[in-house]
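The chains carry the letters A, B, C and D, assigned in the order they are written, with residues numbered from 1 in each.
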């Protein structure tokens, strides 16, 4: 039996979105048939920013629709890509003539459905794609593979591209900014307890007491290694060190740090993680110029967290700091 | 072994607060020895609003410090009252001469320590108290008992008193507004899985598959009854019905609904709960004028949620809508 | 047969009858496709494609069938609303066909439409002939349509059907390079690719329509 | 003994010596108090009060002891930083004493200060004599201080100590109405209240100081 609070599985995502509108009706609106979320008041005369993916990661992406961030978000079923039809409809609704940038996390289904939607609109719409593949745990040497997964860096991409679009940047510039954020970002996650399947109530993997799963993604899959649990200081060190190398950070650089809860991680734990992240980076002479701490890209009720570092430039800081007004992010 | 992410238990709360400042340094500041959180830039010439209580409920209260809400928050250890010394120091720091309203959840330790702090300052400071006791599950007939527990209605109290104080309302008025909110509010919670003790990793109670605990508070204690799990529609009905009665809501009334996650409850689940809350109230002709949906008053990693209804007046709506700028609430 | 234009051209009504026949065939024999996907994938292909075609059939019931483009577009939408890998790829294929001329199609137009459609699937699926996918049937069928010397659409499609069938058969013996079957390597070598088989059925269904 | 005022008045130095003696006594015999709280509560009273008084001792080491108020205030802060129920209540008690005159205290001032302090504890703890709490020792001791006819502080406090001891002893046989012991009802009836015992120790410690 499931302990997941819902009515039927079939209506879960749509009913949850009705709740989103209940809570944030001033910011967002939900369209059905096909299902997607738009801004309450569509904005014209700017590049449209559209994203989406499987559900179960809330507030991603639907919580990031609003002024200064997404124009539309397209939710699939839990851990399943939205359909190309949904994506196409969302682009048609959001694009007011300045073109659309799609922010897509690198999963086969998402890439396929977003690309096909764009392809089908190619004669009427200018659609560009930013592929987010920040997860170091899935770094492989082979060229033919699916490449790295997309995880929490997508929040930075959506925030920064959203601000640029809002500021009137043209299509190519918004896309290039997004690609720049991706190129400057890396993420690693760790899990202390797997998430439970909403239908069966079973955990997606088991850990013995004293074990944690290193290098997890956001779909309940196992990571790259099962390790012994350690204190926060040591664990954050082991997450941050490969990120620093991968992004190529050097003394004097400054970063955005996203300390992301995977679902059931408590605010106290994320606070400690944020503190340790700063401490580790301080020790390497790298400045944490901005940080975002909270459950922004979740994996149902997984216990764990991910850390994302994005190397900043003055431009990126400017767009990060620009006002945003969405259900999950406001400043 | 614990799966709770931290360094040592002794430093947990303080390190988590360093993380809060890391993430929201523009809004809040942490003082140590004794430990409390203040606004980054103290505001003068207004009534000070101070709250606090045990940790493990984040973002409550430390996440509600900032413009339009609290001036200071005083965190105890996990599920333990802060000391009177902390409270006294926080009041001394926050009170700039217009007096202080303390918002206190009704638990013996909190009441004692806040009252004693106020008592000790009675010759130099004007300190008033709003006691929050919204939890219907602990309603008893006997006069001598500790009375109802304080839970999620405290968010409404802090928001509304905060706005009034910011608008320049005098001490008595801020206190009366807070008491009015308490008198017009009621809360009921349900748990699908108990929270785990950060040190032992043990759940505070066990539920068989297919069971849920009705009427829980926010400290992992059992509720009033173990019931069979039901779908969201039926469960929300069973939570909302007694609230409507207790608050004395009638057709045509309008409410603030707080749909609060207790820690490990997913955004999808809270969305469904918000939708069902609106549906049940609609069916009774009661309007949901405002809703707040999210994990605002948590109980570590408890799976479950609470629903709070506050009967609104024009005044309360005005203060609810007033701008707020805190780590956990911004509009 | 029905159709107001030249009998050699594919009319909307004929296209609609063709697609309805395809839907019927797939819905009737879905288990056969599922069985192939069970051996070489995750066993949902029959369900994916038949639920798409049930939706497609409903869509077709609601349109006149003015020209082939309208018909293919309707079926495309049904596939695009589907999950799995095959749903969006078939949706794209039919969607590209759906941007063909808004009038009966002569054989060169037919070939050009399928050329664009199959090209899009190859590009988006990153699949070539020999990768053991639907493209192994689509590509030779498309070649047959574009290289045919007949001017009668039924004859051209019959050529395409033969080529598609041969292509589908050739997937038995291939090691998959795309889709879930690629995880199985040699273990699924003997199994026909269900996507390719479905494409063969598609071309074959023109005959009775 | 030490002290610059009238030998009959309580000086800061004397108050400091008194409190240090109390701290020593409690720290040495904490287990005795813990044992009582184990029988009638949650067994942490000895630890709560002795850790507060260790902090208090450190605080006292850092001050001159200019007048009793400063001494009591210092000890108050140490208790206010403590958990449990007794920590804040003792913190309040000493805190109220700490707002007495900034000079040596004569006996009436001493009585008045304890009157305010005990009154505050009764009010905040909602505890009356007979409820089986620290108030059962505080109240009679305070009465003894305010009603005494002596003008010498040591004599007055000796009276108070006798009254406090009698009060503490009276809690054996009481059914608790406040604090954790109240959950146990008759089952803890025979146990002395540890808070009251600690108050008796407090007054008794003035003698050697």
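In this section, contacts are C-beta pairs under 8 Å (C-beta built on N, C-alpha and C of every residue); 3 or more make two chains touch, one makes a residue touch a chain.
Just so it is clear, the structure is predicted and the values come from calculations on it, not from any experiment.
Minimum number of contact steps separating chain B from chain C: 2. Counting only chains that touch, the fewest steps needed to get from chain A to chain C is 1. Among the remaining chains, D is positioned farthest from chain A, on the basis of C-alpha centroids. One inter-chain figure worth recording: chain A and chain B are separated by 29 Å, centre to centre, where each centre is the mean of the chain's CA atoms. One finds 35 Å separating the Cα centroids of chain B and chain D. The centroid of the Cα atoms in chain C and the matching centroid in chain D are 91 Å apart. As a whole-number value, the distance joining the C-alpha centres of chain A and chain D reads 59 Å. None of the residues of chain A touches two or more other chains. Touching of two or more other chains is recorded for no residue of chain C. Taken as a contact graph, the chains are arranged in an open line, each linked only to its neighbours along the path. Every pair of chains meeting the contact definition is listed here: A-B, A-C, B-D. Residues 76-77, 80-83, 85, 87-89, 91-92, 95-96, 99, 120, 124-125 of chain D are the ones touching chain B in the complex. Of all residues in chain B, those touching chain D in their complex are 34, 77, 80-81, 83-86, 88, 108-109, 112-113, 115-117, 119-120, 123. Considering their complex, residues 1, 3-8, 12-13, 15-20, 22-23, 55-56, 58-59, 63, 78, 192-193, 201, 209-210, 212, 229, 231-233, 235, 259, 263-278, 288, 291-294, 298, 300-301, 303, 305, 330-331 of chain B touch chain A.
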